[in-house]
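What follows is a group of structures, each given as structure tokens.
Below, subunit A partners subunit B and then partners subunit C, in two separate complexes.
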Partner chain A sequence: MAEKKFLMGNEALGRAARAAGAKAFYGYPITPSSEIMHFWAGEFTTEQGKKDGLVFLQAEDEIAAGFMLVGGVLAGLRSFTASAGPGHVLLQDAFSMAEAMRLPVVAYLMQRGGPSTSTVIYSQSEVNLACFGGNGNGFRVVYSPSTIQDLYDYGIKVFNTAWKHRFPTFLLGDGYLAKTMAEVELYTPAERGIAMVEPEAYLLEKNRKRPLAEIVPSPELEVREDGGVQYDCLRNCLNFEEETAAVNAEIMAAYAKAAPEILEWENYGPTDAKTLIVAHGIVAAAAQAAVDQSGGQARLFRPITLQPFPLEELRKAAKGATKIIVAESALNQLARFVKDALYGVTSAPLIEYGRPSMGILPEEIVGLITAK
Partner chain B sequence: MPEPFRIIVSGEGGQGVLSIAKIIATAAWTQGKKSTYMPYFTTEKQGGVSIGFAQVSDAAIPFPKFAQADMAVALSQRALLRLVPYLHEQTVVVTNSFLVKDTSVAGGRKVLAVDATTIAREQLKKPRTFNMVIMGAMLRSIPGMSPDGFGKALEKSFGSKYVRDPALKELNEKAFRLGYDLTA
Partner chain C sequence: MPDMTTNQNVQIRSAFPKCVRIDSKPHLFCPGCGHPEVLKALGFAIDELGLQAKTAFGIDIGCSLLAWDYFNMDTVETHHGRTIPTMVGFKRANPDAVAIAYVGDGGAYAIGLSHLMNAAVRDEKIFVIVVNNAVYAMTGGQEAPTTLPGMKVSTAPSGADEHYMKAPEMIRNVNPTAFVARGITSVQPALKMLMKDALKFYLDGKGFVFVEVLSQCPLNWKTMDKPQETFDFLEKTLAKAYPVKRY
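Then we have the complex of A and B:
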């Protein structure tokens, strides 16, 4: 039964993972994401948690946690981690491996101040890291939730995107969302007609529903035989440049194929408004309030997926705009995506409002809209 | 859209500053309001100034943080200084006057100076209950909050603690009633 509760964002995420049928959490605590782990540790010790066979492991650091996560996924468990800031940096090694091997790792990442340890509170400075943090080409999916309700909704969705398309999938939240308490409507996926994609073991499985050759790039697959048993061996270490080029080409093709189905965005406000605001995450919530207060002058384009980025939809939204404002609690992270998308498409001036690690209030955006 | 009623609470880390904002927001939600609570803190567990943001409204609240508060609660002298940028003309300032001696920075605004620490020590014999006294004093100025509803909300928030320690329920209720009656 759907029910409304007054919850902290992190708890909403913990409950989303449970509702999605996640089995394993591997992680290391870091503010402002720690309560996600605390919640899971609590669930792990309940009778129901034991019955459901939950796995919980606090690793020695995020490097270990990341590779445990990879292990959980290879074993066929719907697994996830949660982190922030410097912990998010350390996870990138394992995320890169997951990117190479098409492993559906899931992470809830709650951005804090940066660079480095910085503040424990808030920023949007981990966009580049979440989207392109590996030593590869950004073959991952990044969702940017705006509200506590989004945390729950997309906290469930990330698992399906990951397992359906076999790409690392991240929910990129922030410290404000993580720590805010607000009303959340909780439900089971079945109540909303959402079928959860069943995970499947990658290793040593003979009768897969989905052959590995469909997922893992061909140079990375090697079948070996031992004592009459065939084993699929996955490689992430390759010998030739040509193999690596082939791996990238295969992943890129798979990503391009999946992207149209994954892409999400939102247009808000009167379509004839001349000022276009581009914002994501909680800043988009502030921008939405600013649009409401600006008396028809402005509208909002909000990318919900940052990676893949809704480039064509932003181009459509930019049509007719005479002023474009990019507001983000970071410097040139969302703005870089926007400039990429709009290069050569519009002659409207682009105003970058980058406030690294500072919240952006609706009133500030109203000020930008009304400024001459 | 009607503006939410906005409350900012500040004090020394460890004083239970954040609990005040959190309990008020939870109580408002339990009474059928829309509400949000957001903490703002630094890396110190104790010794830093913490700030809690709470909002109470009849309509959905678009953003958890705000620039101007309708009520500002200061639990220490330097915490009051931190709140000055958040004051507007009509802000009601609530202080624990045991620790906040100088309220001149509040300008001509209405100040509810509550000697919560002395009340908690002398009348309740439990200094830690000063938070409840402060919450009681806040209640009358927050639209749509009743002391009965607040008591029920506390029962929900403290559910398991109240079961373990029934005397705590009585103590908390007594403490917030004392604070509430001060503002009659």
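Then we have the complex of A and C:
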């Protein structure tokens, strides 16, 4: 039954994974994400956790955790990891395999300061990494939650997006959200009428409903029958450039088809306000407060999915704006998306407020709104 | 000469295990390579134990990757050195599977060593097969952790240093109960028996299973047209440094 609880962000995420019916967690400790792992270790040892067949493994490093996660997905379990910063860097090895082979790995990534080891609370410096990490073309889904309630809501949603569309899917939070406590409304997906997409194994699936040929790019898959049994062989090393081109074209087509259904954004504030603020995640929460304090002068566009990016919606939001402010706890990570979207669309000046790995207060944004 | 096509009494024993994917032959390895010998021994053992439909075959990047469609078995190619954690994750998620990680000595003992040792320490219920050809074969014969002292390879043109890695010995050290053995491609019946015993140990759920196989790489050993030299090096030099035995 739905209930309200006062929880730390990381615990809200652990509970979200549980509510989503996630079965396997593979990870390696790193601040500020470790409590997600602690929560799962706790669940794993309970009677209910055993009954539910939970899997938990603390890996030797994040490279291992990432590939174990790939293994869990290949075996058909809703599987996930949690990490941040340098750990997130290491995970990209496995994420690029997942991107190539359309494996729905899920990760809760709680950004910390960067580059390098840096700090552990405020940061939006893993946007580039989450959206474009690895040696591919960014065919993954990245959600940017703004509140602890978002952590719970999107903590559930990532599993459905991943298994429905078969792309690596990440929740990109940050240390502040991870470590803050707030009241969260907890519910089961069924209570909200959310049907959870059933996972299927890539290897040794006994009851396949969705043929792998619909998912895995054709040059990477060989399906054969022998003695009435179907065998699937999967690869990611290809022989010809044409095969690699075909793999990318097939993934791109699938991504383009899924994107309209995945895209999420939020417009906040009076539609006739002349100043448009673009911000995501925790900074969008501050921007929302700034909009409330600005006496009708400003409004906010908040991309909820950073990848795919709500390009058209941002263009619409930019219409009528005479000043555009991009605020982020990073340098030119969100701003690059914004410039990409607005190139040739508006002549309004763009003010970049990049505070790498620093918190941003509503007053700072109000200052930018009112500045002449 | 009996008529092979009509005489019911003549049984032709296939050169291949039943679980191989005949239409993907000829295989992709170089002529005279040891990899297909290892795969064949494994395939016969899988046939005899009836494991074809229960096996998840994980293969590494290295010449191992050429095995991606060698068998009619569910197979996945991973990244260089990452097949062990992939199969660990798989097996934890599907405890009924026969999870095999098929890796080169570079994949297992250099880039993926931490995964191998940690899987051994944790006694993961997976079967790791390492093909030891004493070089990085796929990438042009560079020095591997197994390259023997004085061997001339592309990254040690005046001869490799004195250090080399004996993995079964190391694994026995960290896991006293695991199945640990070293085989060689040139003695096929023994290699098949070894694979079968390893799989039986696995099926009994007794723990981590590790088999290293000494295997020839005529291309990078530069013995392509000298089979005698290939097998001399395999059986006299390699097998001397790396004892073929059960640990």
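As a convention for this text, the second predicted complex is superposed on the first by the 363 of 372 C-alpha atoms of A that agree within 3 Å, B and C clash if a C-alpha of one lies under 4 Å from a C-alpha of the other, contacts with A are read in each partner's own complex, and residues count from 1 in each chain.
The rule is simple: contacts are C-beta pairs under 8 Å (C-beta built on N, C-alpha and C of every residue); 3 or more make two chains touch, one makes a residue touch a chain.
Worth saying up front: this structure is predicted, and the values here are computed from it rather than measured.
When the shared chain is aligned, subunit B comes close enough to touch A:119, but subunit C does not.
In the superposition on chain A, A:362 contacts subunit B only, with no contact to subunit C.
In the superposition on chain A, A:241 makes contact with neither subunit B nor subunit C.
Within the superposed three-chain model, A:3 lies out of touch with both subunit B and subunit C [touch as defined at top]. Of the two partner chains, subunit B is the only one that A:286 touches; subunit C does not reach it. For subunit A, the partner touching the most residues, choosing from subunit B and subunit C, is C.
Using the contact criterion defined above for the overlaid structures, shared-chain residue A:55 touches subunit C, although it does not reach subunit B. In the superposition on chain A, no residue of subunit A contacts both subunit B and subunit C.
Contact residues on subunit A toward subunit B in their complex (touch as defined above): 6, 119-121, 176, 179-183, 282, 285-286, 288-289, 292, 359, 361-363. Across the interface of their complex, subunit C is touched by residues 23-24, 26, 55, 57, 59-61, 63-72, 74-77, 79, 93-94, 97, 201-204, 222, 224, 226, 229, 231-237 of subunit A. By the touch rule above, subunit C contacts subunit A in their complex via residues 19, 21, 23-24, 52-54, 56, 61, 65, 68-69, 71-79, 82, 85-94, 97, 114-115, 118.
Residues 1, 22, 25-26, 29-30, 34-43, 61-67 of subunit B are the ones that touch subunit A when the two sit in their complex.
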